[in-house]
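Each chain gets a letter, A, B, C and D, in the order it is written, and its residues are counted from 1.
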Amino acid sequence: MELLLQTLVSGFLKGGLYALIGIGMTLIMGVMGIINLAHGQLMMVSMYITYSLFALFGVDPYVSLAVSVPAIFILGVAIQKFFLNPLMKIDTILPENQVLMTVGIGMALTEIMRFIFTSDYKSIQTSYSKTTLLMGNISFSLPLLIDFFIAVILTGALFYFLKHTDTGRSIRATAQDRDAAILMGVNAERITSITFGLGAGLVAAAGTMLMPVFYLFPDIGGPFTRKAFVICILGGLGSSVGAIFGGITLGLVEAFGATYIGMEFADMIGLIIFFLVLLVLPGGLKRITGM
Amino acid sequence: MDPGVKKTAIFALLVLFVSAPLFVKNDYFLHLMILAFMWVVIGSAWNLLAGYTGQVLFGVAAFFGTGAYTSGLLVNHLGWSAWWGLPLGGVTAVILAFPFGWICFRLRGAYFALATLALNEVMRHVATIWESLTDGMAGIMILQTFYAPITTPLGILSSKTPYYFISFVMAALSIACVILVTRSKLGYYLLSIREDQDAAESLGINTRLYKMISLSVTAALSGVAGGFFTNYMGFIDPETVFSLHDISIMAILVGIVGGVGTVYGPAVGAFIMVIVQEMFRTGVFGLLSSLAEGTGSGAIITLEKHISSAHVLMFGILVVLVIRFMPNGVVGDWGKVAALVTPCRRANMRQEAGE
Amino acid sequence: MSFFKVESVVKRFGGLAAVDNVSFEVEKGDIFGLIGPNGSGKTTIFNLISGFIKPDSGSINFKGRRIDGLKTHKICHLGIGRTFQVVKPLKRMTVLDNVMAAAYRRANTKNHARSIAMETVEFCGLGGRADHLSGKLTLGDRKRLEIARALATGPELLLLDETFAGFNPTEVNEAIKLVEKINSSGVTIIIVEHIMKVIMSISGTIHAINFGKTITQGTPADVAAHRGVIEAYLGEPGDAQG
Amino acid sequence: MLKVEGVDLRYGDMPALWDVSFEVHKGEILVLLGANGAGKSTIIKTLSGILRPSRGSITFNNIRLDTEPAHEVICHGLVHVPEGRRLFPEMTVEENLIMGSMAPEAKKKREETIEWVYSLFPRLRERKNQLANTLSGGEQQMAAVGRGLMGLPKILMLDEPSLGLSPLLARDIFKIIQLVNKRGVTVLLVEQNVKYSLSICDRAYVLENGRIVLSGTGEELARNEHVKEAYLGV
């Protein structure tokens, strides 16, 4: 019973970060209609920024959010503006050009980071990295708890932004009907760039917040891109609310898988869910929850 | 190009390729040719499904690796010759492709592509985790059939010569296979599916069946190439043959650099990509290291040190550049490429455009 | 047993009934007109017949065989061809290749397919443009290509979806001749059309629908005089002063 | 007020408009008639900048519009209510209306305009927190017109506003159009409901195959034999 509760808690906390990753992906998917396969790699870059700030200047990871998030936001905007947007006008046999482009960008980012930081594992040891809080016999990792709360705050802020500002409304409108949005005077290209930046910023935040408890090496991006995709599919493509469900679900499934089946199968489990969801529920959990 | 000229050119190339090992005894040259031929096979396979059927395959390594492992496992577990891995590798790849395609062809566009990516990853995990069968990360080592120079009436030939001919025949056959397909009913059906699935259905084309056929041919060719790879290299492990970068992405690059949906595109792309890859792996064929020694320039030394590890970076950048500037490849965008190379052609094109 | 029969077919999208209890029969050799304003459910009926969507209830029979629920390509093999209102040329293929892809349904060799295709292309007046890329045709030629492709599959029943839309009067007259020519070669035709005049002049029987429901069916003269049709079609002038 | 001169347009390689010239006068209701695919919607899309003419010019109060990016056109007071309403399905009615006022001028007066729209369409006020995709066809059309009005149009361009509506609802929509027109908004209307639109319009142009073939007042065209034969089926 305790093990069960413990697994539940750690899965849930991790799920908060996963939700952030998933929302970032789902925003981009909604507005651009493409899957960003460089998503995890953007997160990886953000993690290296956090690591460098810590290693060079001793900046606390939570403080470096103020650097990593804007930096990746700008990177995201630039990627969209200079690499993805021009492809919309090109007619080729492969309609998946944009997706393939994100694969290439992801590879380039990974290798540039390897160039700078080598393939060695890096991690940040803060004073609180291993701190846990106990509630009964259940332990809460302090950094994960903080992460969870920041994730909730960021998600709340995002939802407020999407619902109550003109830019936010324009993002939703562009996702729902791009041409109609243009007719309303929305500069869809600008909105698309902003959205890509926002999605990148969110995943950057998740990456930075993972640093106190996680290790880092250049190839870490790929698995997280896959996770982001699984989360989106679980939540129903393009649905931000769904991505929260998807994130929490994946966090729980991974935790239970690791506890009850075995660590080495954790990735496999993710992939199997990926297939199952793709096939059984093309609309994701959205179909079940109706949200 | 004039068809007569084209035929003569192809014939000349065939003669050149067949006779090459008799003059060139340089092992390294033969090695590059063998790799290029192997990539012609994989690239043509990829092109059939992606370029001709419009179903983009992100994970060709799933089939390539399956073929490679078939070959290795036959040696390890049954004691058969690894050469059985060529035909049987094709068969096992098709066996893998069948349920996969049957289930995943209901997905369209990028989602199908992603499913193939996932299949790639699943296969790599399976090969890593299932140690009792595959020896996991340790990989499989086999004895190569040809490892010493071979004495023939024509003189002493490199041990790579048999591999050269086998890979050459495979490459020629796979191009022939693509030509055959494109000229047949199957080819018309595949193109129709690529252009518009709904229209294809309304013309009586069972789109799912023909997509399955296309996938099966692709898987079979890739599996055969995988089987060959085991025989040639003598060693495989999950990271090599199920590699996302070095196999799946490389295959896509071979396809798009050469020209998606063209018969000879993947062949052209294979040679370009193998050369580019080797250039990075060897520091522009050793030029950089000799330059570094000669000049003692610090910048060149650093460059030389890093460039060999940067081939994946180069892949990434190539993907970006090719998609951005040459989306139809060397063959498909030949006019553009030629115009870049020769200024007088550029003038001609401008004239034509003006008319 | 009738040649083709639609019986009490219903199709809902969400809460909206796109086709609501529609029934009609088509005799062999007829040109059967299906009319109604935009959005009245004509194309949905075609999609139901050709198997792109399945009816929620009701049945569709062709030559005594129930075809609703069959896959699109099966329905084509049974002898029903269709064109699309929004034309779907196979863009990177030539006109002849487009038609050949269709002709392979009843040809085993390439030469046979090509000769069927060539004949069909000529028949539809595209002879001069057989080797043009279909993506570069004018709208009128694209519509001809749609017809040629459907014909090349060798249908006994041909569904024409707004073939005349966007034509000027001369082109309309040519297209009418083409349809009549196809019909006199033994192909039964169901034609969806928005322009009344065209359909009045060629159809034997007309079935009018609006909001997914049948308004009336009868000869062109009857239907044209039917009050419901006039209302649905022309709207009521009403009091212009507002 | 709005002047279209010698406009040609192609979809890819396919010509869609040939040498189209016409004018819209201030305060009038102008109707574009023609069969499906004759190019009516294409003209409106060209005016609103979604499509680019390959030749010719479009000027509005002496400002060239055909070189402006599509999202800027609305800032000049040219508002396009697209065919099939194109509401944002998963936004509420109110959010949809707000989306109509993204242009700087309109944004300033958002609060009062929304009140005005609600007074024109009391039904929309009742439904303001409902998602657009749960509205009935008639309500959706009201919302679409309302959203167009939120952009404070000088010219309101409506593409098939009566599409899929029952005659009764269509009549309501036409009444609203006339009402809006009386409040000083110039209206450019594309309609398949020929009789009705001719009865409310000041002038009309007839399009065939991408060309303008006839023009005149509503009455003239309603009496014209060619129009009768081609579009009224008489």
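Criterion: a residue touches a chain if its C-beta (ideal position, glycine included) is under 8 Å from a C-beta of that chain, and two chains touch if they have at least 3 such contacts.
Please read these numbers as outputs of a predicted model, since none were measured by experiment.
Undergrad: How many hops, at fewest, get you from chain A to chain C via touching chains?
TA: So the least number of steps between the two chains is 2.
Undergrad: Which interface, named by its two chains, has the most contact pairs?
TA: A-B
Undergrad: With chain centres defined as mean CA positions, report which chain is farthest from chain A.
TA: So the chain farthest away from chain A turns out to be C.
Undergrad: If you average the CA atoms of chain C and of chain D, how far apart do the two points sit, in angstrom?
TA: Those two chain centres are 30 Å apart.
Undergrad: When the C-alpha atoms of chain B and chain D are each averaged to a single point, how far apart are the two points in Å?
TA: Chain centroid spacing, chain B to chain D, equals 54 Å.
Undergrad: Can you give the whole-Å distance between the Cα centres of chain B and chain C?
TA: Distance between chain centres: 45 Å.
Undergrad: Name the residues of chain B that each touch 2 or more other chains.
TA: Chain B, residues with two or more chain partners: 194, 261.
Undergrad: Can you list every residue of chain C that touches 2 or more other chains, as numbers and ranges?
TA: Correct list: 92.
Undergrad: Mind pulling the residue numbers of chain A that touch at least two other chains?
TA: 93
Undergrad: Just say which it is for the chain contacts: an open line, a closed ring, a star, complete, or other.
TA: Looks like a ring, each chain touching just two neighbours.
Undergrad: Could you run through all the chain pairs that touch each other?
TA: Pairs satisfying the touch definition: A-B, A-D, B-C, C-D.
Undergrad: Along chain D, where are the residues that touch chain C in the complex?
TA: Those in contact with chain C are residues 12-16, 35-39, 160, 162-164, 166-167, 170-171, 174-175, 178-179, 192-196, 199-200, 208-209, 229-233.
Undergrad: Using the touch definition up top, name the residues of chain A that touch chain B in the complex.
TA: The contact residues of chain A facing chain B are 34-35, 83, 86-87, 90, 92-97, 99-101, 103-112, 114-115, 222, 226, 229, 264-265, 267-268, 271-272, 274-275, 278-279, 282.
Undergrad: What does chain C use to touch chain B in their complex?
TA: Per the stated touch rule, the residues are 50-52, 71-73, 76-77, 81-82, 84, 88-93, 97, 100-102, 104-105, 110, 113, 149-150, 153.
Undergrad: Which of the residues in chain A end up touching chain D in this complex?
TA: Against chain D, the touching part of chain A is residues 166, 169-170, 172-173, 176-177, 179-188.
Undergrad: Under the definition above, what is the set of chain B residues touching chain A in their complex?
TA: 50-51, 54, 56, 58, 103-104, 106-107, 109-111, 113-115, 118, 121-122, 125, 129, 194, 244-245, 249, 252, 256, 260-261, 306, 309-310, 312-313, 315-320, 323-324, 327-328
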